[in-house]
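Next come the structures, one after another.
Both complexes shown next keep chain A, but they swap its partner, so chain B is in the first and chain C is in the second.
And now, the complex of A and B:
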């Protein structure tokens, strides 16, 4: 048995393939859009993964440290470390700011990591080049998305940091690359004002008679010293001992330390459900619109392809071809078009669109499978219109 | 020949479709979550790890003299400016004595008066002595009554007591005067040691409370660095260790120094240990006090042991270890780590031997099920 659809496609395969490629680019954009959506959620999840924490202890009644500002005293970790079930507790600070290197600057999330050894909560869990931080000051590990290279000197506030290590996929929930620096430097970076502001603050303090009494020399110096130190961190990352429940430890910290504690699932809920909710919805909306547009275009293409062959179909009918055969031909062609479109779409999305996109595009295999099924379904549905048009054709048109 | 057009078309079709499908399969398997994770391997090498400690500190002087009056008062004159050198004992300023000079003069007068009173008492005593002697003789010759002799003896005792009182009064007024002069002298601002004026807090005319600093003198030869080391990475810090010092204003230059002492009291709030580091040779020109300095203290090299780069260390399930490739599969090997150096090498006490291969870099976090692809360089890393 000869395949009518195959014969027809072969008849004008160039046109068919080009139509498929065009459709493929559209599907590629749709897949990329799904990838962007997944990428946004993945950004939020890797942020949590990379902190390698089981619990986040933050300022009471805040959604910190990612979704809201949170600040707690830097020595809070000691009392948390003493709670039952806590294996490790480490201070951490996060601050999104511009990091300068030479003439350019990059928006990055500065992460202050507590001194210790690799594997401490907050430290980058893996590297792609260089080494981890060994000095307590002025060293940095940067994400490769920032474009920084090993050995480069970064300017953060007034200090210079040498890039000693590079890592990958360490981003903030907004997709900004992370730059890890020692905690004490990060506290300073978070708090330190420019020299002008410091001078003015000193002048203001000196002008305040309460701080600058003639009878108590030294008071002004003490006040200024206390004004220019930062004893706060944004959160304490906690890893718990095996054998303890996450919720149980979280609850005891909440109860006895009167701080807000989030578990991994709660944190994910905050990041995905609150922090990136609007932008994710926006991308989701684009995805829906693109899908509808794609479906309409697929239907339109197949309909046009069928109408272009209307005379041949009339001839087929005239020679007594069964309706089923004609319908099968159109359906098969629609499916073939869908397959080509999907293959081209997947390739273009993976090889061309994802790498050049500024934000992370995560193309999940499951999304591709679902995408494939949706494409097939749309092809089937849109071929129905074409089949109806083909079946309604009068065989007489073949000669008339 | 008849079939050729169709065959040609089929071939052309295949020429498009087959690469497309091949590309599709490649894309499906080599990218996205199914793609193998690129990793880089490193060999465990035996090496002598030379641990070093890194801290930052500020330049301070060991001796800082804050000179000020011990009484409240007004600055009368101040002859030195910031940067002036002063010698030990040099008087470089004075407080306004207000009425102290007058009081010294008054004490002088009182002293002279006491001297006069003493002379009078001496004269009285001499006269009483003479009288007493004369009447004693007369009484011995029975020429006068015992009553009168007794009276003369009493008068002599009174005169002697008066003389003694006058002596003491003289001593008192003398001491009073000395005290007043000492007070007057304490209003002078005197350099206690050789040094340089670092700060001049008040100018003549300013009223100063007791104990307030007027001039700060430092001894530039006693320059040291108050260095802070994080407690977690300060093991081995000890007196006498060599140190390399980089000043913030001279970041290209490294000066040599040594740890003078490690403070017995650590900073409990910042969790840092404090140490004083001195220069072997003072840098010239002298750096300003308060400048930031980075200090690297080199500890003695440890015996040769297997060591790995710290980038290889991972924590999986609460245990510290490294990933190794065994039979083309990833296996997590827990290790016990020892000392580390600033170049990022860590001693491995247990778990690995020299020559073992460990995963040093990976594109993403590894699990024992990860598909891996050993590469020479992780893609995307710019050199």
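And now, the complex of A and C:
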């Protein structure tokens, strides 16, 4: 038996291909949305992976440093470093802001890292160009996605930083590229006030009799000095020694230092489950809406194509064609439309949409397989209306 | 009494019930012998289409008897379980418009019926080509229906109606869209095919040009038929 669906498609291939391309672009958007969601999760995991930490020590009862503000004293790391099982401990600060370079500015996450060597918690684990930060001030390593190049001078708050190294896939959970600078500079950037505000604060402190007692010389200077520096960091990143369990060391720090400590899995849950949960829901809703729209389009197209063949279907029924042959013809056409649409969608998502999208789009093979099956299912469901219409056709219509 | 062909006895078709009942056919009797071409003539609303649909096993009569070849297919109820297979294997249809399947070429339009009956594609195409040759359209075998003239399309439709060698062909105004010359050609072909394949052919028509070609004519009015001898000057 010849394929009636195949012959019909070949007969009107132009109509089919153009319809498939239209559907494919919609499927491409749907696949890209799934890729954006996967990219967000990957960004979150990459952020954790590249911080080279086993534990995140943050302000008590906060979800810091990524999901909530966290502030702990800068010398806390010393006491943590001395605890059993701790191999390395390093301060870190995070601040998302606009970084200017010449006439342009880029949204980036400024990460303050301590002096050390590659492998120190918080440091970019690898570079694609240049070198790591070696000086205590005014050097920066930027993620290549920021668009900054070696030797460029970045303007962060009131200071200028020279880009000495470039790294890759170092992004915040929101997808903003990271710019690493020395910790002291980052601490200053977090709390730096403008000159007028500093002068005003000094005047207020001097006018406060509690800080400016005639019997306590030097008190006012000490107060002013403390007000113009920042002795806090957002978190301490901890690497543990081999042979120690992360939960064991985390529990020890919680108990003795009265700080909140997160393990890698807990931090991943915070990032994926809380920080990007709303975005994930929004994308999920878009996916549902796009799936419904796709289904409606396929149903409409197949129904219209079927209505255009009512007379032929009546003739086919009159000359003895089984209902299942007619239903199979319509179903095969719907599936063919789905296959054309999926191929076009996959190509457009991979080659055209993902590379130009401003966020990282991760197109997983498994998502494509699931997407293909969903498209096929939608096509099957969408063809039901057309099949019902075709099966209702009275063969007597062919006679008149 | 004919041995094959088609015979109907006291066939009735009623629409509705009780006071609203309307008889589209009332005790219609008709018989067409193998190889014979008869005309069925009547004004609009006379019951021609209803009779054709009953004969074509598309709608169920209310009462009566229909014998197709050696088989009683209706006797106050269908005696055949698979009406679809009956239409496919034992009844050929030729319509006013050819109604060829636009996405199949000429050969496959004709070969589709044997394929539906389970015959291998190659054998079905071979049968189709044989008939297309008999109808002198073999040179358009690989053309699409849209590439054929009206007369060629109608000849392909006749080939489709004949391809399963049915004992009866129902032709509904087969010459309506054709000019005189082509209309006469189609009637000549139907007569030739009827004789060649021992097929009974019933031609529903309004076409005055072709009425004189029938040896027998059934008139139908208000659901009642009566027979008259035609001029029969046709195609002996």
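Just so it is clear, the second predicted complex is superposed on the first by the 385 of 400 C-alpha atoms of A that agree within 3 Å, B and C clash if a C-alpha of one lies under 4 Å from a C-alpha of the other, contacts with A are read in each partner's own complex, and residues count from 1 in each chain.
The criterion applied here is as follows: contacts are C-beta pairs under 8 Å (C-beta built on N, C-alpha and C of every residue); 3 or more make two chains touch, one makes a residue touch a chain.
Here the structure is a predicted model, which is why all the values come from computation and not from measurement.
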Go through the superposed model and pick first if A:116 touches only chain B, second if only chain C, both, or neither. first
After superposition on the shared chain, which partner residues are touched by A:395: those of chain B (first), chain C (second), both, or neither? second
Which partner chains sit in contact with A:241 here, chain B, chain C, both or neither? Use first/second/both/neither. first
Looking only at chain A, is it chain B or chain C that touches more of its residues? B
Which of chain B and chain C A:210 touches, first, second, both or neither: neither
Applying the document's definition of touch, where does A:311 land relative to chain B and chain C: first, second, both, or neither? second
In the superposed arrangement, which partner chain does A:356 touch: chain B (first), chain C (second), both, or neither? neither
Quick one: is A:320 in contact with chain B, with chain C, with both, or with neither? Answer first, second, both or neither. second
So, A:225: does it touch chain B (first), chain C (second), both, or neither? neither
Where chain A meets both chain C and chain B, residue numbers: 10
Residues of chain A defined as touching chain B within the complex: 10, 13, 17, 49, 52, 75, 87, 115-119, 125-132, 134-138, 144, 147, 149-150, 164-166, 168-169, 184, 214-215, 217, 231, 239, 241-242, 340, 343-344, 346-347, 350-351, 354, 362-365, 368
Complex contacts: residues of chain B adjacent to chain A: 6, 9-10, 12-13, 16, 20-21, 23-24, 27-28, 31-34, 54-56, 207, 209, 211-213, 229-230, 232-233, 269-270, 294, 309-311, 313-315, 317-318, 320, 337, 340-344, 346, 360-366, 378, 380-383
Where on chain C is chain A touching in the complex? 49, 52-53, 56, 58-59, 84-85, 87-89, 93, 95-96, 99, 101-104, 108, 112-113, 115-117, 121, 144, 160, 172
So, in the complex, the side of chain A touching chain C is made of residues 1-2, 4, 7-8, 10-12, 311-312, 315-322, 325, 394-396, 398-400
